[in-house]
Structures are given as C-alpha cells and as structure tokens.
C-alpha cells in the first residue's frame, strides 16, 4: 500500500451513484467504468489515479447488489474505500472481488477531497493530515479472501 | 375522359374539372398529422419560417407514439416541444399514449374518404384504406403547411391492381402486399398511386386494407387507394356523400400499368433480410431457427391481427428461449383484444404484451436485438440495422405466420 | 439459549446444531437466482476466471430476464443473449419477460426454511414465506453456482413487534416506509428484521412481501416472518411443500426490539433522494408530478393493482402525467385482466407495460427528464435513479400514487 | 452555368433512410450530433471520411423508406455537395430539395464509376467523368424556385416578409 489522493463522498452514498442502472448491462466493466460517479462527480474517472482512495461516511454503498459498483472502482485503480460504515452487500462484494473496504470512524470527518492519505492494512491504520487513525480489522475469514485476491482466486487456489 | 381515384380527389380539392398525371397543383390539406419524433424539428422550422399562427389548429393532430413510454432522456424534450407548440397555437387534438399515429388517424375519425392528408411519417399512405389521399412528407414541408394550409403536389400516375377470388385460409392481406411489393420492386411505384380493386379487395376488412395501403410506400408509392364502401362508412361512422361514393377508377381512366392477380394463387410469404422486396415463400424458408417474434405496428397490430395470432397460439406456448413481443396498435385495439380474450390467450402462451405504440418497429426500444439474432416481425421494414445491429436478420411476415413461428421456434 | 428463525435456517443449511450471531459458517444453498442486471458478468467470469468451470447443481439455479425487457439496445440484447445461451447450454431454469424476478421466485420456487441467494438486493422478499433470502453480488453467485455453498456471517436479529390492524386507506407500504423512516437507511445493517406479534395475522403473504422486500432499504441482510397458517395455505395452493417451518425460540437473543401499532400508521411518502426521508403524505401534497409508477417487486401485485384501479375507475389520468402501470408478473397481469382491472387502467389513460422492473430500475422504460418529478411505488428514490440527475422521485403507496396520477400533483386518495 | 468537381463515394441500390440515419439517433438534439452516425449500419467508417464537396453516386431508389428529413440534412451536414443516382425515392427527393441538397438522376454513371475518382458536374446539363459526358435533365420550375430561394424555409421567410 502507498500514499494516494482522497475523493470524499457523503453519507448513504448509494450504488446508483457509483454506477447508474443504464450502464449495468454494458458488455464489460471497462465500458462501464467511464461512467463511475457520473451524476455526482463526472470527472472522477478521468481524475482518479491508481492508488487513490474513496472515502465515505455512514452506510457507504447502500442500495442494490450490483457488483458493478465495487468493480468499476477497482477497475479505475482505487486502492481502497474507507468509510464510517458500509452497507452489507457492497461490503461483501468488495471483499469478494479483492477491493479493500476499511471501516474507520474518525478519519472521514477529518479529511477532504484532494487530501493525501496513507493506509496500512497490516497495522490497521489510516494516516492523513498528520494524524493516524485506527481502523477496524477485518474478520480473519474475510481477510483471507482479500489476501488471496478475492473469492474466485481463493476458489481456484483451493482446487490446486 | 375518365379519372382514377387520386385524380378525382385532387380535382375536387383544387376545384378543377380534371387533372392529369404530371400536372403540378397546389392542394389544401384537410388534415395533418405530426408525430413525436419530428415535432421539435417541425417547431424549429415553423419558427424559422416566421409564421405567427397555425392556419387551422383543428386540422392538426399531434400524436406521441414512437417515444412512448420514454426510453431515453431526450424523449422527454420531444413531449415538451409538442405540448408547448400545441398550447401556443391552440391545437386540441393531442394523443399522448393512445397508440400509433396511423391507427389513430382513421380510428379516431380524423380522416374521411376523399380527404387530402399529410403526415410527417412515410406510412401516412395508410389512410388510403378509407379512400383518402394521404402521404408522408418531411418536417420542413410540414412547417410550411402549418403556416399556409397548402402544399404543391405532382399528380401521380396510377397503377391499378386487380385481385379477384377467395384467399386461402392461412393467407392474409400482408402476404398479398408483400408479393405485390416483390413484383413491383422497392421503387416500382415511386411517385405513383396504387389503386386496388376486385372481389378479393371488396371482401376485405378495413384492417386488411390498412395493411396494404400502409406498405405501399415500400414500393415507393405516393399513396394507395381503396374505393370507399359500406364497410368504410361504418368504420368512419359516416354516410358516404356522392363525391365519396364516386371514388372508384372510371372505366376509361388511364393507368400507367395494370396488375391482375387471382386470390387463390397467393401463398404465405416473407420479406427476407434486408430488403422489403426480397420476397420468398414461407415453405422455402421452413426450419430457419429464430430468436424473437414481433407482432404489432401500424401494418399489423390491429384486432384482426391479434385475434389471428391468438387463434394460432390457442392452447400453445411460445417456444422456449424465444421471445414473442405483442404491441397492439392502439388503446382501442388493446381494449378490444382484451375484451375478446385474444390478449389472455397470447399472455397465457407467454407473450410479452406492451403498451400500444410503435414499439420495436421503429427500432428505438421494445425488443432490440444483437449480432447473430433473427426475428420474424409483422411490421413494414426489414432494413439493415432497423431493429438492432446490421447483423440482425429481419423477416417480415403476416401475424398468422409470425404466431406460428413463435410457437415453433423456427420459420414454419 | 434459543435461536431465531434466521439462525435456525442458517443452522440447517450449515448442518450445525446451533449457530449464533457473529459466527461465520459455510452453508449449502437451497437455490440461487440471477437476473439480467449482472448475469452476463457471472457468465464471463465462469468462462474466463475459473480453473475448473462446473455447476454444482443446475436444478438449484434460476435465471430471470426482467430488468430491461423488452431490450432497449444491441448491447442489452447481447448481455441477455449471453445469459440465455448459458441457461440453455446448462439446462438452467430460464424466464424472460414473465415478470420481476422476486415475484417469479415467490410464485414458483421459494419454500419456507430455504436459504436462497439472489444476485439482487431485494431477494430479502422471500422472508414473507419464512425463507432466508439475501442479495449478493455476482462473484458470490458464481461461487455458489460452482460449489453449491457459500459463507455467511450469522446476522443479529432485530424484532419488530406489530400490533393491531392498519386503518382503512393505509397500506403495508406505508407501514414499511414508516419503519424505515424510524430506524434509518442503515438502521438494520447486517441484521435480520423479524416481524411478529398479533398484527402479523392481519397481513397476507402479499402484504408480508411488501414489508420484507424493503428491508434492504434499512440495510438489513434479510427480513423474515414465521411461516404460519396463512403462509402455508398460500404455499399449498401453489402445490409446494416447506423445507422446514421454524419459530423463534422463547429465549432467542435479539439485538433490538421495536413495536409498531398498525392502527396508528398513516399514509406516508419518502422524499427525494433517500428512502428514509419519510414524512406524512399530507406534507408533500401539491407537488406537481410528471410521471406516476404503479408496479415493481415491492408493489406491483394484484392487491396493489386493485387499490390503484379502484381509485382511477371512472376517472381520467391528468393530461400531463404519464401513469405507468406495470404488473409484477404475467400471472398478476392475467389475473388483473380477469378482474377487469387492466380495462379500468386502460380507460383511465394509463400506460400499461409488460411485467418487468420498468422505471423502478430506471434505465430505460419510463425514464424521467430534467427536473421532472415521479411518484412511485418502486423500491428506491435515489438521486437520478429514474432518469436525469436533476429529477426527483417520491415513494408512496399505490393509493397515493394512483390518486396523484389523477390529480397531476401529489395527493392522497381521500383528497380526490 | 454552375459547375463543380468532387471526389465520389459509391453506394448501392435501395439505400434506405435507416441506413442514412438509424432511428436510434433521430431524437438526438441536433443534426450535428447525428451526422457522425450517417450510413453507420452499412459503412460505419464512412461519415468520418467524407470531406466537404464530395459527391455520392448510387444506384436505384436512393433514400427509400421513412420520411425522416434528418436523412438529407445529415448528408448535407457531412458536406456532400450533391447525390447522383439512377433514381430517388419520392419523399427523400422532396426533402432534399426543400433543404437545398442537390439531387440528379442519371441512369448510366453509376455503372461506370469507381469510388475515389473525381467527376465534374455542370448543373442542369451534364456530368463529366474520365472524358465521357453523362447527360442530366433539368428540374421542374417550381423546384428550381425553391432551390433558388435557398430551400423551403427561406422561401417561406420571403413569403412572410422576413427576408
């Protein structure tokens, strides 16, 4: 993990905002990803760089079960999503596809879009603006899936 | 010298004793039809031309059908443009979700036998089913008619088509018109008027005649006319006046061409991809696997079409992995097809029944297909890319044939 | 220490005597549902990412094309074709254009006691029959399809004690929106909402589906009712038998408990752009609308069509409103036709579309334009969900939606 | 006599209006938004290759199909100077004249021409291609009037005393 730029979003950020319905049936994630955050931050797909972070408030990723939501973020190179809390399906989907989702209660209120952040998954900390904030650690079961690169990668590994 | 139907209508409209093919005359419009796809363009041109009033708002009918229900954000702009225009110029005849324009124009009583009518859609030829001279024009010309009430036309030559005898049970008027288009070619009637007569035509319902008048444009025709009769009078809820009664071709009228058919010789046919005049007997296409069937459109979305489809599908199911999409031509057709049980039969067979409108026929939404898919459809055009990509194969057929194909999952 | 219904279902699926909240278990899935929102991605992963592509049991799989029917573009058609071809090749039950996936599942598959994954967030609907249905992404779905199993974190259960009976003119949708408004959009995150109490007896399976369906809008993993006599009679009519019928134990552990007196519930609306922005419907009366939608897996069943039809009967939909009526399934459509409801809607000027997700999913059919306002019986009112980012969606009951369609602005049925 | 020279794009028989501009693009805001999709079902690359002043030569029944006036407008917006075909469909013919897009019927040129070659057109007289002359007939007077006015809109503006 390394330092990246923050893109910050509001509480109850729903999956329709991450990727709207009309793009979900496009053939590939690559065709969808240019529409990420289209109605909120249309420039996001152009501005985000590999290693950058998405930071949210409470209930990040609420709404539909569309796995396209974490996948477009991952395809754009988002290193991790840090939020005060996550909606259940988004959280599970993100882990399944190997996108780290980090619960951190304090950091979201202390940062703004454009700030830099450093995340240490092993230490379970996020650092920004000179402060280091503790993050909630993933349960080992989920950490293992994440470490293996996602659920399908773990399935393929188990079958060696 | 005698006159053809179109010559009689134009003579009467222009107040001349007679007109001859090739004459260029200015006619007054008895009615005009504006559809939702074209309305913003019409409004722009109308304003650009500098008109400050519509010549006769009661003669104007505005119909939303291609974009109902809306499927893209821009569609809403078209409704708004239409609503604003209607409000500003006092247009009262508006249909926002009642069905396809060409169905509504005669069904709702806007067009009577002998009328001269223009519409911003090529299938405006449909109203020839009640003996009206009707034809499609572009939006610039529509804007000028809205301002002036008139339009120049060249009096067309007429091709007479005589059909005598009784059709076989599984043959519909769609099979007839497809065969005629095949014989004439896609440009065989360009700038000409078609005139249908003979015992077969006399025995036909107005719906069947509509199918034929509707598709005349696919042979390039300017219009296609049937002699108004008692059925026409009933359908139009009117009594025919002497002029309307006179609308048949005179014995000594001059025709540029006459085609004669025996009804018994017609068989079920299809127009094969991707030309409307590429006609083939169904028997020669049998076994071709299909992905989708569409029954609807201003060509074949009427009650008799839905009843025929229901008769074929009674007690059957649509073949697995095949979609049958049924789009009634109008709200009235929908209600009648519901009342007689046709919709129930179709829905029980697994058909997808949508709200009346142009649906898939105009290629905006309503069952768009992808590369490698094949569709049998009852509408009027099988042009390249009309219902999806250019690698979609479209076969045009009658509702009876289309329904049979839906049950079989292949052309039968 | 006892177990809740949800815990018992998970225990059965995990082959464990006992499970408790917070445990992670591997479970055998009873059934999996996937729709055209994501199946094309699942199929791609199946072909491109698996070392040993296989399907544990095709009979447990159901594929349903419902989101974008009839298709609106070649790309949509291609994604659906991919799904159709896969179903055909692997002998997977396949439905297309026959209704919204959750309605099809309830009509034809779901049984009490089953643990069901659906690649759609509203899979929680199945709790109406005492099943554990939950929404997952397509990777989870793929894993389940390949192995027949999955992992679940046993959720806590929150008890919703319902008492009394809803007043005339107030509907289960008002009740559920009120509950979500009370507990918030993440008020039950990762939890199970269990409905119980004497009020439950007044609710039909249809009503219970309305409640369970929206549980995900409070963040819940699922919602569940005990499969009582009402549920079992409904099931029997359809010729199905339960897998298992569970009651929560007296000493089961709940993470929280709420009580709602049904007789106190009033017509409500959820204001844009969040499902938990719930206010009394009277507070939003007068808002001019451009479109009204009666349909969806939440509120497109025969009960709601009856309510809507009774209101628009002998009335005309406002000239400036597009009123979309979309039955939740072909079965619902046929019944509504039989009862004369479709005729009433047609005569009122409504637009009646084929059973599908329609504008609730918001990508094509019935899309709303710039600054337009939709009042909907759909599941969500997120920003731009139904069309242009500047458009607004209000959620309300079928009665309020139908009345508003007639009036041209938001109003409750008693105001007509 | 008006005369011009241009490079030729050759299209076939029955070029329909759905090929010229497919229905899915008809509700785009302006002709400029639409024109990139001109001829896309048949030759998706064509629209980008057409240069101002180019000429289309085609076979029979050019412009058959729907009454969409976007068809001649798109062709005009792409920069096409004129279309020479064996024959034209009726509505397309009217729409083109009304928009000031020049059309000529010529029965033989299509059979001889190769794409990419240049031809010289003398309006109302003939077309010259590789030293050979192909006759064209002149338009009826009422259409000449519309073209001289610069299209129907301009003719109406004149009528309404605006220009």
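The chains carry the letters A, B, C and D, assigned in the order they are written, with residues numbered from 1 in each.
FYI, contacts are C-beta pairs under 8 Å (C-beta built on N, C-alpha and C of every residue); 3 or more make two chains touch, one makes a residue touch a chain.
What you see is a predicted model; the values in this text were computed from it and never measured.
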Chains partitioned by contact, chain C not counted: A | B, D
item	value
Rounded Å distance between chain B and chain D, as computed from the means of their C-alpha atoms	27
Distance between the centres, which are taken as Cα means, of chain D and chain A, whole angstrom	53
Contacts with two or more other chains, residues of chain C listed in rising order	73, 75-76, 78, 364
Chain D residues counted as touching two or more neighbouring chains	24
Residue numbers of chain B (touch at least two other chains)	72, 75, 77, 364, 389
Touch relationships between chains, expressed as pairs	A-C, B-C, B-D
Contact footprint of chain C on chain A as seen in their complex	12, 14, 16-17, 20-29, 38-40, 58-59, 62-68, 70-71, 85, 87-89, 92-93, 96-97, 139, 141, 150-152, 155-156, 159
Interface residues, chain C side, partner chain A - complex	24, 36-38, 40-41, 44-45, 49-52, 67-68, 75-76, 78-80, 118-121, 123, 135-140, 142-143, 146-147, 151, 153, 185-186, 189-190, 216-217, 219-221, 274, 361-364, 380, 382-385, 389
Touching residues on chain B, where the partner in the complex is chain C	68-73, 75-77, 80, 83, 96-97, 291, 320-321, 323, 325, 331, 334-335, 338-339, 343-344, 347-348, 350, 352-355, 359-360, 364-373, 388-389, 392
Residue ranges of chain C touching chain B (in the complex, touch as defined)	69-78, 81, 84, 87-88, 94, 96-98, 319-320, 322, 324, 330, 333-334, 337-338, 342-343, 346-347, 349, 351-354, 364-370, 372, 387-388
Chain B partner contacts - residues on chain D that touch it in the complex	14, 16, 18-19, 22-24, 26-29, 40-42, 60-61, 64-70, 72, 87-91, 94-95, 98-99, 140, 142, 151-153, 156-157, 159-162
